[in-house]
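Below you'll find a set of structures to go through.
Two complexes come next, and they have one chain in common, chain A, joined by chain B in the first and chain C in the second.
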Partner chain A sequence: MRRAHVATAAALLGVIVSVSSLAQAAKPEDTAATRAQGQALFERACLFCHGVTGQGDGPAGWFLGRYASPRPQNFTVGSFKLRSTPSGDLPTDQDLFRTITKGIPGYMPGFASLPETARWQVVAYVKSFYPGFRTETPVPLSLVGAPTHQLAESLDRGRALYTSFECHTCHGIEGQGDGPVAQAGELKDAFGLSIPTANLTRPSSFKNGASLLDLVRTLLTGLDGTPMPSYAARLSDRETDAWDLAQYIRALSAESVP
Partner chain B sequence: MLVIALFIALMVSNVPAALAEMEQGYGTVNVHVLYRGTVPPPTEMKVTRDPETCGATISLQSLTVHSPSDGLKDAVVMIEGIHSSGKEQTRTQPMVLSNSKCSFSPHVIPLQTGSTLEIQNLDQIMHNTHITHEIRTFINVAMVANGRPVAKKVANPGLYRVQCDVHKFMEGYVLASGHPYFGVTDERGSAKILDVPAGEHDISVWHERLGQLQTHVTVPPNGEATATFEFHEDGTGHSRRINR
Partner chain C sequence: MLYRKSTLLVATGILVIIALSSLAMPNQAQAIPAFARKYEVNCTACHTAPPILNTYGQWFLENGYQLPGTEDGGTTGKKKLGDVTLDDVGKYLAFRLVGNAVRSWSFTQQNPAGVDTGVAQNKTELTFPENFVLFAGGTVMKNVGFMVELGHDVEGGGAAVERGFVSFNNLGAQDLAHVRVGKFDPSAFYSVVTIRQQLNEVGESASSSCTTAFAPCSFNRIGLAPSAFATKFYGLYDRGGSPLSPFASSLYNSGGELGLDVHGRPFGKAWLYQVGVVNGANEPFGDSNKGKDLYAMLRYDYGHSDYFAANISGFVYHGNSNAKVQTQEDVNWHRYGVSARATYQMVDLYAAYAVDRINHVPSGVSGAFDATATGLTIGADAYVTNETLLSLRYDNLDAGGVLEQRKSATFVGLQAKQYLRTNVAVFVRNDVNVRKSEGGETAARNLRNAFFAGIDIIF
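Entry: the complex of A and B
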């Protein structure tokens, strides 16, 4: 059983590595010409939500409701929710590419239909909105390890961690996004707007992906600009715990995840 | 030969600057920060989470004023408009921010950019240290009981706000300076900035509730200058300066 888990994880990582390699192969150099091509695409596909200056204030935002949240990403601030990097750090190019490709369930469409080179051009243009991308070098957290416990044992451990990490205060005991802090309306984003808690029984709505690897990444990185913290301080040297908690979160729903 | 001549020429051209620097010297700035007026009563808040550690109620007071001197604690003083020459002694030792008894200790931390901020949790409950620099997240990290400290280098100057998303009444500040010429006032409202290059300088004070004041000091070589800031109850303030 343990060998099967390791084999699955190795295959999964292999797929990820090969997908990244394919994507990297089409990545153009970040030049003025690349950014100009990215800008042309941005103005056709992204501007309506993210705005001309990338501040998340595009005209479509008005249809979402002026004070509805979360607002479209403001690229000029330097806080990004969906990353593989430590809390507070900028996302890697690969992170931005992944978000553009897969989209955000319920909020942003995926653009997998665009050629890879075009998506990289958009990545280059999006980065130009925040000067920190020129001076900082984001480094992804290492997501090594894999589930090592049998599922039943993993779930027991994950359940205990769910309690000790106080996940229930926001996400609720059953994971339905109805914890006391969420019900009290105390959860706000960096702009002071109220935001909903993820309903963990609906993994297809998870913004940062719902695979085990996605969940482990989210637990380690947190979602910057929201109250969801990084648990890296507790999990980075106990990766088994991260996988156990991810298994438990997945088990909160019978919904199948691709 | 040409290279040697060029080298000598460069050395000679740098001599006046080096001499000027030696003659310039360094001095000390003594700062006193006062609050004139009635100190408002603290805000009492009922604690809804972890009362066994935080207490049933918490008393929030953002003005700590010494009696009878009126000295104001936790005001950050800083030389303005001075740039790091790269030659002065840096103050980049690690600074520790503790979650302790449901408050951040120290409440205000001034540091030089390049310093490491180490966050630790001394309580037997979970805290969530969430630090923002303007709107950008600096770090948002769950600090479980008995967990490891978390360290992160502070690269950018400016004001950082420290909060705990679990206990909303917890608040603190980090002020990052691009140079080593800063300090924070003690219980009597005093701070001392050492080894300031002699000459004319602007100096400012910042307090989380009272805002900012600025004045000008002349730092004599191997001497001392004194700046006194006064915040007033009505929101105004003024400053005095003495050079010795």
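Entry: the complex of A and C
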């Protein structure tokens, strides 16, 4: 069983690495011309929500969450939810590319239909909104590792971690997003807007992806600007605990994840 | 259908049961119609409040149901069948159901529907479902989209293809020209769109004499529709002799017309043009009107940031033998309109003004026919909470047509809509006649007040 897990994870990582390499192959150099092409695309496809200055205040942006979170990403403040980097860091180019490609369930359609080069051009333009991208080189957290325990054991360990990390206070004991803190309406995002808690029984709605690897990444990076913290420091044995907790979260739902 | 007062309670009970039933549905069945299912986003990505589109939704519509800035028809994940790509059925199909219970209060001597005796009567009308719409839409390949909308109007009876067209997009260059062929709503890109209203159009109640071709027709109860879109003339008939309601949507602002439409943005993002030719004459599929109607629309858009968007547009519609008068002579019925819309955060403001004119009044009605009529509609929708939408609309119709029949009307409508889920809303609405009561058999002056309670479901 353990061998099967390792093989699955290795295959998964292999696919991700392959896709990543393929995408990188189409990545143009970050030049003024690239950014100009990205700007043209941005103003046709992204401006409506993110606004012409990238502040997340586009003409259609308010309606996404209305009086609640989320609002469209403000690219000018340097705080990004969907990253593979430590909390507080900027996302990598690959992170931005992944979000543009896959979208965010419920809120942003994926633009996989755009040519890869076009998506990279948009990445280059989006980065131009925040000067920090010119001086910092974001480094992703190491996500090496794979489920090391047999599934039953992993689920037991994950359940214990779910309790000890008090995940249930927000996500609820059954993971339905109905924990006492969530029900009290106390959760706010960085803009002070009420933010709903993720319903862990509906992985298709997970903003940062629903695969095991996506969950491990989310646990380690957190979602900056939201109440979801990074557990990188608390998951002392990152290569086992994160996977166990991710396995447990996935087991909360019968939904299949592609 | 006429019911006694107690049936209103029964109807309300039914609505409540349906509303509660919808709450019990699993989340997967959430009101995410076809396009939202396809792109895995909420309705709010494209709508301010369904069915009204925000700027993103407008560009999605212009682009033939493809994401703005893309041209692939959303082929990702679809099944290939030669050059055609097919999506899951659930990503093509959706339906909408609207039901009303109506209680109306009349001034004196309003005729009850179907009985032309001039008796004053308050009444309750229950129509549930009032309107059931099944629509299938999407893309089949790069830059080819389609929409078929089958509607069933319980009060009017029968089902009909309300819209059915194919679109060919991005011809020549991106956003240069998009072509729609079939039966479509010409006003789709106008600042105030006919079929996208929060206060739904309510049909009039006509007297039994209206079933005879080219016979004088009186209306027992006024129809409630945006006046800018309305026919505005008393004493006009379609080519088959059926009377045209002065209160029903028509011409450029019709629900659907058969023809060809071209629109695009060759002059930059801010300017949208639209030109088209339609069968006109208020005809469904089929064509007895050999003189086609032409129209042109130009819209200017502004909207970059600060959650603000605005646009202003104007159009000219040139009718060609598109109606008849009682003497069965043809008329050329034209319309000129301007409209504007602005959205800022939770508020959506709009206004539309239209002038209808009939050139060369036939000699048979000359001197007894006013050839000019105008309609003004001003409205606002506002989310006062995440789930509560308030809508207010003012309508003024300065009617034209047969002088002894015509009667202008002014109404104010207010609606409160509560979204129980993203796809299920219950609403109450009240329309008040602002003009002085005259009584008699003039529908435009004898309806005092109409109250509606209903439900709006989209799947």
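Remarks
Please note the rule applied: the second predicted complex is superposed on the first by the 249 of 258 C-alpha atoms of A that agree within 3 Å, B and C clash if a C-alpha of one lies under 4 Å from a C-alpha of the other, contacts with A are read in each partner's own complex, and residues count from 1 in each chain.
We take it that a residue touches a chain if its C-beta (ideal position, glycine included) is under 8 Å from a C-beta of that chain, and two chains touch if they have at least 3 such contacts.
These numbers come from a predicted model, not from an experiment.
Superposition note: with chain A as the common reference, chain B and chain C can be accommodated side by side.
When both complexes are overlaid on chain A, the residue A:Phe191 reaches chain B alone and has no touch with chain C. Looking at the shared chain after the overlay, A:Ala33 reaches neither chain B nor chain C.
When the two complexes are overlaid on their common chain A, residue A:Val139 makes contact with neither chain B nor chain C.
By the touch criterion defined above, A:Pro59 reaches chain C but does not reach chain B.
Contacts of A:Phe165 after superposition: chain B is touched, whereas chain C is not reached.
When the two structures are aligned on the shared chain, A:Ser87 is found in touch with chain B, with no touch to chain C.
The partner of chain A that touches more of its residues, comparing chain B with chain C, is C. With both structures placed on the common chain, the touch criterion links A:Pro229 to chain B but leaves chain C unconnected. Of all Cα pairs linking chain B with chain C in the superposition, the shortest spans 18 Å.
Within chain A, no residue touches chain B in one complex and chain C in the other.
Looking at the complex, you find that chain A touches chain C at residues 41, 43-49, 51-53, 55, 57-68, 103, 105-114, 199, 202, 204.
On chain A, the positions that touch chain B within their shared complex are 77-79, 86-88, 136, 164-166, 169, 186, 190-191, 222, 224-225, 227-234, 237. The part of chain B that touches chain A in the complex is made up of residues 126, 128, 130-132, 134-144, 147-150, 152, 155, 165-166, 168. In the complex of the two chains, the chain C residues touching chain A come out as 27, 39-42, 44-48, 54-57, 59, 67-70, 72, 74-76, 174, 269, 303-309, 343, 345-346, 383, 385-386.
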